[in-house]
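Each of the next two complexes has subunit A plus one more chain, namely subunit B in the first and subunit C in the second.
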Partner chain A sequence: MNMQTGMKLSVAETALCEAYDHAIGELPGDGSVLAARDTLISDFKEAGLPTRRVEAWHYTDLKALLRAVPAFDPAASAAKTSPLVEGSTVLSVVNGLADARATVEGVTVRTFKDALADGTAAEGLAARDGDDAIGRINGSFVRDGFVLDVAAGTELEAPLEIQTVQNAGQTHTRFPVAFGAGAKGTIIERHTAVGETAAFVTSISDIALGDGADITWVILQTQGAADTHLGQIRITLGADAQLRLYVINAGGKLVRQEIHVVVAGEGTDLKLRGINLLGGETHNDVTFTVGHDVPNTTSTEVIRNVIFDRARGVFQGQIRVAPDAQKTDAKMSCNTLLLSDEADFSAKPELEIFADDVQCGHGATVIDIDHVQLFYLMARGIPENKARAMLVNAFVAEIVEELEDEPLVEALEGVIAAWLEKHA
Partner chain B sequence: MLEIKNLHARIAEDGTEIIRGLNLTVKAGEVAAIMGPNGSGKSTLSYILSGREDYEVTEGEILYNGESILELDPAERAAKGIFLAFQYPVEIPGVATMQFLKVAMNEQRKARGEAELTTPDFMRRVKEASAELKIAPEMLRRPLNVGFSGGEKKRAEILQMSLLEPKLCVLDETDSGLDIDALKIVADGVNALRSPDRAVIVITHYQRLLDYIVPDTVHVLYKGQVIKSGDKTLAHELEANGYADIIGAAAA
Partner chain C sequence: MPAVQETIDQVRQIDVDQYKYGFETTIEMEKAPKGLSEEIIRFISAKKNEPDWMLEWRLEAYRRWLTLEEPTWARVDYPKIDFNDLYYYAAPKNQSGPKSIDEVDPELLKMYEKLGIPLREQEILAGVQTSKIAVDAVFDSVSVVTTFKEELKKAGVIFMSISEAIREHPELVKKYLGTVVPTTDNYYATLNSAVFTDGSFVFVPKGVRCPMELSTYFRINEKNTGQFERTLIIAEDGAYVSYLEGCTAPQRDENQLHAAVVELVALDEAEIKYSTVQNWYPGDKEGKGGIYNFVTKRGDCRGKNSKISWTQVETGSAITWKYPSCILRGDGSRGEFYSIAVSNGYQQIDSGTKMIHLGKNTSSRIVSKGISAGFSNNTYRGQVSAHRKAENARNFTQCDSLLIGDKCGAHTVPYIEAKNATAHFEHEATTSKISEDQLFYCLQRGIPTEAAIALIVNGFVKEVIQELPMEFAVEAQKLIGISLEGSVG
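Let's look at the complex of A and B:
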């Protein structure tokens, strides 16, 4: 625990505490939700925002980095946007409130606001642990989101896009999603901003895959250049479940994406693929933990980072293998293309292995553009800036192409190309 | 078309001088073969012509159509019509071959102030040129040069050359690693490009390629200089007697 009682609150901490006092009257929730919120905010007041002294936040000193928190701004205008992949079903949250509520066969959709109002959301509001600043802030303030229940055996024909669109102010959303046994489909979780004014966004997705579910989940974060985005993805995998999880960051000023996976059933396979496109003054932190708690499971984690300007990137990856989780096969790699002398990247891989018959490994590389490849492209008449952009694009496109879903691959490559066009 | 005068060049990183007073003239319409033992500076010459920045020109001049190209970067030289077929074509995972071809063709057109190709026009050109070179469509669907065999890589180089229609083609040991069938296909591709307004420089160790791409002139490179020039019979002489006599005569 971080007992810092009596500490001086920072500007951002004060703003959050005051915002809570101001907002609590209108935040949705029954008595049990209110009690959960009160616990969370009082824990927050006691611990404050985490500093570098908290190990899980060592490379992202939130207290120092989060200088201010904008007030709720109900007047800001925003509207839902067209989906990333044409033909997707869209569930949108605009400025923190559920907007479009499409119906999909085999999927029960409720707003998270309703789940708060009737108290069914109360239990899930608890923080993960004493260092869970995102859980505390989000649980204190969360107003809306969607609760999805995908019936066993459902095969989603088109991607389901959950989108949050934010203009200034604050947004706190939550998306508990349960996939029944054997469910199949693609979910696109997209966080995007309109307007230039700084916004403060937290979002938690609580994803449970039933036995044999086969899911592709893509998180695409394209917040504005002044925005703070604190995201958390909590995942539980049932037996023989397969999850391809893509986390793509291409926006924001201060970003933390936490991914916490519990492998609960045998025979599962997790593929985490991360793409971080960082420019300007962005600070972007991807923190991943996976607990292989049962035998015969596999996971691979591949993180690719492209860093320009004075941006800073962080990847923390922790693989835990429980004593009886024999035959675990887990491989993690983190590759960074550092394109500026002032850019910075920190990688912290951690393996905690308590079983003896496992295969686990990790590797991290930092590279520059390959000069021979650059010369080859230029020797064919491609100007240097364009040739560089092609090579940077190639470095991350390799990961995207693994998806083998042509419209999705094309859409994501479009996002990457557009980002590079702007920053390279 | 190409005039190299008293060229001196070294490796930028460690200052090793590789080209030491090289003179060479190649006219439009000419096919010039450059031969020489290992380490004579053949590949270095090809890199210097195409503008690779690992080499520094310390003295002399390279004139292309009467203008110095030393200040131009590789892309600018390519847009002016200089093409290097690499000895070792570079693999680039994540760059699709077709996308690469299209970008390269259109960037060169843009640099010359020409309109970009339409997609159907581009597709038609690639289809025709790849059929000539017996390149299967599957190969073009792979990332650039990735997983290509040695022969496929060389054919892909000639495909790029025929699509980009350069004015000065430099072939750096295009015959290395090719079996006789692939060699014939590559040679046919090069011969198809021979024209009065185009020059070809063929860099090779062996006479064999020159049976299929018959040169107008042959130049022997040794220690960074052209020590002997002649017609195609010079290549046969080298094949029969080796370099020792010529090197000895030049030293005497």
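Let's look at the complex of A and C:
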């Protein structure tokens, strides 16, 4: 297939185009699904991977950063892993294959593969907009995942963990999850990897909260040091819905997590909390957009970044308030501890306001560890490296503590402590 | 809480249909033919008796410009500009450089009088309260008069139109022109380099504190003309200068282009304070007409411990596209940006600043206040970056927006880039109406509602107003229609 004339193909672009030609015969779905895939791949061929010139990718030049894409690797083996929080129900995707055997009361579970095969997944495959590289790649290649339907009024007793475990190769998963009115529960979406070989993972979660639903959704990405993770979370909030969304990145070499929220019902409350632990050569980009389209809604976003070594951190956050969305209260803050002179951090926190009776704000800080605090601890006999680790830990731990769910808080603190042990 | 009546009234006073400077002056003009070509550039250069190197410089910029594309990244929307449908040179006839104010065309003097700009030195002296201000008046393409030249000369300060400077001080112009905003910088700056017709030149030598405020008044009068002025200000080691500019234009149905370039150079321990009150014609109620204000302003803190401060009050122009910036190159240098941008009618503002930290121990401060009303859109776009070697770079940014009415928009797009661990950046932005908490606090202390509201609104813009030189602060306050006297006490 020919790319747009005049555009030079990168190695990764070529690999993706070729992979499509090889894989299309065996990818699930035909008819409308196939048509949707063809549109996506041809749009991808037209636009290529985004560069800095695409505003939504201003600080993540995917064309330059994505050097290679590993081929599908059927030989690599992996196994599902024990859940983050004991007692959780686990739905796993291992090397791209979903295992839907688990049952939870009130939750209908299907594999996404089945939804592709019977064509019901076709509609959701479209890209969000012209800059949606993740949507295009994922939609072209997606093979499996889960379709979850949580019945109205269901209260999940234990967390439901959706995990992907990847060993080398590439995987593209999708998780459309619909919560009925008044549903309550905690979902943990976990992306892990085994082995040292580079893996390429894209994943899209398409989450709809019905009226009055009250959900905690935790994304924990701990892939390998050579891996690429391109994630996207699309969220629609119904009236009076409450969502606590935690996005924690503590792995990967090239990571982009996109979070796109549409506030469609009045009285909703969104709490986004992000923790990004970056070390080595990691490039980690969290891009968030929220559209307050109706009156009387609130959202708060708190992002904490800790950056060591030669890592690069990016945060782009955009709060949009539609003309009639009066009484919107939206606040966003992004705080970064930049701990190495070779590391860097870039932020673009945007406000786009069209209603006059609103309270919107954002704050961003970039600092080093407070030397007064460090001195205080060292004066009490705590060695410097330990004192530093304590301060860094305190910087991110307070976000986790907001989750008033003790086993979950402990598990996440464990992940953070283990990471800091290795990197600090 | 909705915007209070007083704020609405105040903004209404400067609504687009209240534009006071929309009159046109009938004066005989000499114009170059319409359009843009090498011939036109040669014509402009010849008109100005420029040396060959200057012409070459212009032609090189023009050739470069032909290869560039118009930028589209700003949040502004306008029909494509036909650059060949403009006059690039328009000058009052009989203007062969007046020796004194008496030789200036009386029509011109009348116009400046109408604008409230004192060109006669004695008039300024008569005003006991005000300090002296030296004025350079630029009318369409040329500088018509510069006052207090002699007195400034005694202090060693050079203040003249840039055309004169090219002829009289070529060594200085050659040394600094284009070193802050290179001819290759961006579409409009490159166009300006090719066709600039006049502007001001200021040189403050080593150790001199400029004895008075310097000021330039820009006036676009002629139809279909573009105004392309170029300002170059140099403060040598330990020098200080405060410079003000004001801008107005007649009311017309077609849009007019204004693409200026301002370059500031501050050497060791020097300080430049640059203030703007921009009141170009903003277009009418339906958004017809008005000035396209596409300006490149940049200051280079080249020396150690140098300081450049930008203060702007923006109320005019149909479209504003400007980002007065500071390159903090010298160790210990400081950059400041204070801005009030009021948009009304169908005005579009995309403005902000860049603070580029390159040297060690550099600091910058940004305070931006946007007020949007009517159908306007007001965007703050700014960049703060600290490079690898910019140890201990410090920045504080605050950008607040106030919305009046539900048909307008306020946007904030900051870019924050830190490339070393010692950088310390703080950024805050808010969009709101007047806070009920603040109001309650005032009321509780016995301040009546009206006074409390005035107090808060004034507080909203005060940080910026107080950065303006006294004379301009008064003008700016009038312009924004916020009277400090009425509110305090």
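Methods note: the second predicted complex is superposed on the first by the 417 of 424 C-alpha atoms of A that agree within 3 Å, B and C clash if a C-alpha of one lies under 4 Å from a C-alpha of the other, contacts with A are read in each partner's own complex, and residues count from 1 in each chain.
Please note the rule applied: a residue touches a chain if its C-beta (ideal position, glycine included) is under 8 Å from a C-beta of that chain, and two chains touch if they have at least 3 such contacts.
All values reported here derive from a predicted model rather than from experimental measurement.
Novice: So if we stack both complexes on subunit A, do subunit B and subunit C clash, or do they fit?
Specialist: fit
Novice: In the superposed arrangement, which partner chain does A:323 touch: subunit B (first), subunit C (second), both, or neither?
Specialist: second
Novice: One more residue to check, A:379. First (subunit B), second (subunit C), both or neither?
Specialist: first
Novice: Using the touch definition from the top, say if A:387 reaches subunit B (first), subunit C (second), both or neither.
Specialist: first
Novice: Between subunit B and subunit C, whom does A:395 touch in the aligned arrangement: first, second, both, or neither?
Specialist: first
Novice: Thinking of the overlay built on chain A, is A:221 touched by subunit B (first), by subunit C (second), by both, or by neither?
Specialist: After superposing on A, A:221 lies clear of both subunit B and subunit C.
Novice: Rounded to the nearest 10 degrees, how wide is the angle at the Cα centre of subunit A between the Cα centres of subunit B and subunit C?
Specialist: 80
Novice: Answer with first, second, both or neither: which of subunit B and subunit C does A:340 touch in the superposed model?
Specialist: Once the two structures are laid over each other on A, A:340 reaches subunit C alone.
Novice: Taking the superposition as given, does A:348 touch the first partner, subunit B, the second, subunit C, both, or neither?
Specialist: Only subunit C is touched by A:348; subunit B is not.
Novice: Counting residues of subunit A in contact, which comes out ahead: subunit B or subunit C?
Specialist: Counting contacted residues of subunit A, the larger count belongs to C.
Novice: Of the partners subunit B and subunit C, which touch A:366 in the superposed model: first, second, both, neither?
Specialist: The answer is second: A:366 touches subunit C but not subunit B.
Novice: What does the superposition give for the shortest Cα distance from subunit B to subunit C, in Å?
Specialist: Closest C-alpha pair between subunit B and subunit C: 14 Å.
Novice: Residues of subunit A that sit at the subunit B interface in one complex and at the subunit C interface in the other, please.
Specialist: After superposing on chain A, no subunit A residue contacts both subunit B and subunit C.
Novice: Given the complex with subunit C, which residues does subunit A contribute to the contact?
Specialist: Listed in rising order, the residues of subunit A that touch subunit C are 55, 58, 323-324, 326, 336, 338-368.
Novice: Which stretch or stretches of subunit A touch subunit B in the complex?
Specialist: 371-373, 375-384, 386-387, 390-391, 393-398, 401
Novice: Quick one: in the complex, what on subunit C touches subunit A?
Specialist: 1-3, 73, 388, 401, 403-433
Novice: Can you name the residues of subunit B that touch subunit A in the complex?
Specialist: 50-54, 73-75, 77-79, 83-84, 86, 89-90, 92-95, 100, 103-104, 107-108, 111, 143, 160, 164
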